[in-house]
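What follows is a group of structures, each given as structure tokens.
Both of the next two complexes hold chain A, though its partner changes from chain B to chain C.
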Partner chain A sequence: MAEAKMRNVSFPRYAEYNCAFKYIVEQALGCKYVMPPVLTKRTMELGTKYSPDFVCTPFKTMLGSMIEALEAGADTLLMTHGLCRLGYYGELLEQILRDLGYQFDFINLSEYDMGKKKEYLRIVKRFNPKANPARFLARFMEGLRMTEYVDEITCEYYKNCGFDATDGQYKQAYQDFLTAMYTAQARADVEAGYRAAKRAMQSVPLDKPQRPLRVGIVGEFYTAMDAFSNLELEQKLADMRVEVHRWMNVTNQFLRYGSGQKNLRVKIQDLCRYDMGPTSTANIWYARECAERGYDGLVHIKSATCTPEIDVMPVLQNISADYKIPVLYLTYDAQTSDVGLMTRLEAFYDMIEMRKKVL
Partner chain B sequence: METQTIKIGLPRAMLYYRYRVLWRTFFQELGMETVVSAATDRDILERGTALAIDEACLSLKIYLGHVAALVGQCDYILAPRVSNFGRHRSMCTRFESTPDLVGNVFRGSGQKFLSYEVDEEMKKKDEEEGFVEMGKALGCTAKASKKAYKQAKKAELGQHKERVQKYEQQYKKEGMKVLIAAHSYVAEDPYMGRAVSDYLKRVGVIPVRADMVDREAALKRGKELSPTCKWEINREILGGIAMHQNDVDGIILLSAFPCGPDAMVNELITRRVKGVPMLNLVLDSQSGTAGVETRLESFIDIIRFKEGKL
Partner chain C sequence: MEHAYLGIDVGSISTKGVIIDKKNNILASRYIWTQGDPIGAVKELVRLLEEQFDKESYKIVATGTTGSARKLVGTILGATMVKNEITAHAVGTTTFYPEVRTILEIGGQDSKIILVENGVAVDYAMNTLCAAGTGAFLSSQAKRLGIEVEEIGEYALRSTHPTQIAARCTVFAESDLVHKIQMGHPREDIIAGVCNAVAANYLNNVGKGKKIISPVVFQGGVSKNQGVVAAFERTLGCKVIVDPNGHLMGALGVAILARRGSGRREFDFAVENMEFRTREAGCGGCSNHCEIICVYRGDELIDSWGNRCERGARVH
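Our next item is the complex of A and B:
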């Protein structure tokens, strides 16, 4: 038998993190990465067609994206574990894909006890039996560094892009940064791309008023972060000349607070005593933080039937009442139309703008 | 004042159906009184629906109605946080959010709530520790609380065993048997699953319950059917199906709209359990039972047709 065949690995589209998945799969695991096609209406139609009706929408998106990844040549699919229904995505996704007749190898992290360090080595060896653990770790950390950069630059982008005084240089700088990340093959590429983006973004003149409208985004971990899934809500708000702030991202939720959010809970003890779900503590903390900083409004984003985020809503309603901060609650499903969202956003914008003038 | 017994309110919904004996015995052993909300009716459902976020599941709406009915009627209302019993032994996140959810929904009502926490995976806190902490919060000693818990757990397990034995007898009876796969709070609530079992009995079908099985054995069998199923109660139900699918004429997957775990696990069941007629019935708040009865009637006709009895 010749050399073991190199795996063609894929993971569904997820915000702008696929550049980091690609980097880790190729540089750390020594496999090939198959980039799933960008999410489109077709992805959603495929996902919705084969999913159970009232599963949360990211399941449908991921199923669609996995089918498209298999069509693009992937032979190995990865699915993560998770604290909510996400932890059961893997088994059901695999079953549905196999029933459809697709052939592939499926690496489901829910099958591993992710609390144990030894398990990680088993997973790495499954991807590539010849992978060197030390090299893997070093390269993996570089992939995480890329994730942090993506989050930092994205955060910066939505805060300022609505105030670009040029004809789109700010957006161009962000796009160039993403291209650099998607094509990076070594640590130097990642660092150079990041530095170039910082410089480029700082050099674009901004036309920002003294006190711009500021809106905080809270919500469910997939839909709040994935621009396709939330119909580019952040860009739409920014285009109305709003500073858009979002704390929730992979860096903050996992890399900084991976071992629990005890220190965030300190400030919200009167609102909730426990974690109410995987992202409740961070969302409640950040909503109050925005309210205390005098932001003009909050947008709560979730997919249809997302249990943990439905349960966070009564707490957000109390924060809204206590601080007199308007909250726009948005639920996304596979059919949500752009037009409906635009109407609601415009009304929300008019309202917070009028309040700002009065207050 | 000091001699007055503490009165604990137990909402007749959600985990009440699983833990009623555990809860009642624990508080009684500690010399406290328990008061249970009345059976679900239209009023409770409507009050709960008004209090809940629209998109919440029917079970939560009913639960909030029961809590509302108890507000002002007792010193404390019990609202535990039951997160998990270990890895792949979680509860729906709704049971994790319960104490804070009711705390926020009923903020300003002046009602005090009582909680205990079970979270073995993250905090290494088991049920006994949760109960002892709760007992101490009520002013009892750790020793007395521990003793009360042991008594209560014994009573709970005894009651479950008795019910399991009762259901085992049902399987030996002659006649058509249909297995109801549902959370106990769905199966037993008069506004949800009770209409299903009542109808089945009325037309001469014997209803049996997937969750009325030895829990430990069911957890093991459930794992065979779905190795990464992470929800304790769904794993028990999966196990119950695996144990009894050959003893029944049909299976009804009964869930409350839009139950998160059921939405996924029931899909998996329909894909993996073959050779037995299956009905996927999702209940929402309806004012009548005619719709459900029509579906049950046709399901039973299908079973009879398949067995050549129609």
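Our next item is the complex of A and C:
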């Protein structure tokens, strides 16, 4: 067999996780990674144009980002499996791209039995037949460590960035951290970047009241986490001097609770006894957790037609009534104007702020 | 000279303005159509308010704007308070009705519900992707039936057997309505059916999952429609209060907020004669192509917005 050419692998833009995809593709799989351009209106135009109308927005975003990745030189696209419609998306994305005339190799994780360890080896060998499994595993774990760091620092950032007493040092520290992660080539780079970020963020003076307004974010896995898709909701809330808390991220959903969320369900048995979708248990648990901790409000984010999250809404209404915690329900489609969102967020802020003074 | 406060609410369909004194008494008020030209409507509104306003005894020391054009109009008028319409409505209503528990509001393009406890809003909802069951639907159906939108209420109250009209979606409601007209249902019954459909649609969409407790105040342009008021009273089983100034509540609310706020700036009626224009500039900084709106007074750029990053700040 002729020497296999090194693959140029890409995966659609997704929140700030592309640094970890890059690390795993380059360091663990020994392929090249093609970073898709940042998401813009152009991405959405491309994605919307070639998508079925009633598919959820993340599909459109991913399709647009895949097209931009192919334009940027990718020859291999990776698509994840999933527990809702997402599980079928790989097949559909591939077909649409092939019909458009793009040439590429498509590795769809839905075609593998992700419950079996042996399957992982098959996937690795498909990326790079010469990959060394032991070396892969070691570097793959480093990639996961990077994911955990990204989630930890992001969580800390949105909790505090609204109270930065300087002219933007906190945001600068966060951006420096992301740059470090996007350029890391070895474990030492990841660890150093993480430590530097921790130190930098802790050294920025914060001007935070004793009882700041706290808002919890719950919702659909893609839209709730991707800042471009939710029109920078978390930053907008934080800029109003609000502590923004979100449990939902890759670390919590997959790395900590990868084998099921039975332990989360214990606390919400009276509300639901089984999973209604990939994120319902976690979202209901976290919504109640926020309510019990006395948060001032919840924001529920979903893309239009997201069935699992529509099912979560009645339970959130019960939590809202039981604990007297207001919930702002937001539905996103491929719109890129944030005027309507600002109206709703400003009103939500005014409400929880005036309410806190009275209650 | 006593202090007065101006509040202006520029919505998609109508533009409202009030001037109040320190005790929230209305000194001047007007309600006109926006007609797709918020700047023109506001200049006209200012001119009409000036006619009613006693400049000898009062001066306007603070100005507030609300409604979907609040930012643009706020820039033009030099507002001291720019507030979203939900907060403005809540503040306005709770000032005049401290006991209120539920505020229903249906405007031209949006509808909202605000729940109040102890005089402050504790929960709210607003229509998101769809403008079903708002004033725009009522006026287009009035046009179809050949009557003025202001007459709908009168017609509806005359009906004894309102026609059933599918309320879930205005597109379906419209085809259902056409069908019923062609079947020979009397016009009064059709109109009463439309009013019921608006109330049902509202309660099933924005009102979903919200506990509606009396006293209920209903406002926004649609509250002027007796037919919809009757439909709400029947469905909710309680009295629905409609303030004679309900259509001005957003403007009143933002005037009150301007009074409470710290910003002070004397309002100059001369704006009605100034030339304002807006220009859209596309930023070429990246492929997001942000649409930046630049507002000019004469030839002078007074403000711009719409960019998502610092790069756009340079484009004018």
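To be clear about the criterion, the second predicted complex is superposed on the first by the 356 of 359 C-alpha atoms of A that agree within 3 Å, B and C clash if a C-alpha of one lies under 4 Å from a C-alpha of the other, contacts with A are read in each partner's own complex, and residues count from 1 in each chain.
We adopt the following convention: contacts are C-beta pairs under 8 Å (C-beta built on N, C-alpha and C of every residue); 3 or more make two chains touch, one makes a residue touch a chain.
Keep in mind that this is a model prediction, so the values were computed, not measured.
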Label the relationship between chain B and chain C on chain A in the superposed model as either fit or clash. fit
Touch check for A:P314: first (chain B), second (chain C), both, or neither? both
Who does A:G115 touch here: chain B (first), chain C (second), both, or neither? first
Looking at the overlay, does A:K198 come into contact with chain B only (first), chain C only (second), both, or neither? neither
Regarding the shared-chain residue A:Q95, is it in contact with chain B (first), chain C (second), both, or neither? first
Going by the contact rule set out at the top, does A:K41 touch chain B (first), chain C (second), both, or neither? second
Touch check for A:K208: first (chain B), second (chain C), both, or neither? neither
If you tally the residues of chain A touched by each partner, is the higher count for chain B or for chain C? B
Under the superposition described above, what is the C-alpha centre angle at chain A formed with chain B and chain C, rounded in steps of 10 degrees? 80
Does chain B (first) or chain C (second) touch A:A304, or do both, or does neither? both
So in the superposed three-chain picture, is A:R241 touching just chain B, just chain C, both, or none of them (first/second/both/neither)? neither
Looking at the overlay, does A:C272 come into contact with chain B only (first), chain C only (second), both, or neither? first
In the overlay, chain B and chain C get no closer at Cα level (Å) than 5
Contact residues common to both interfaces of chain A (with chain B and with chain C): 304, 313-314, 317, 331
For the complex, which residues does chain B have touching chain A? 53, 55-57, 81, 87, 90, 92-94, 96-97, 99-101, 103-105, 107, 115, 117, 121-122, 226-231, 257-258, 260-261, 263-268, 271-272
So, in the complex, the side of chain C touching chain A is made of residues 68, 83-87, 90, 118-126, 128-129, 209, 211, 286-289
Residues of chain A touching chain C in the complex: 37-38, 40-43, 304, 313-314, 317, 320-321, 324, 326-327, 329-331, 333, 339-340, 342-344, 346-348, 350-351, 354-355, 357-359
Considering the complex alone, what residue numbers of chain A touch chain B? 52-56, 59, 83-85, 87-88, 90-92, 95-96, 99, 108, 110-111, 113, 115, 260, 271-278, 280, 304-305, 307-308, 310-315, 317-318, 331
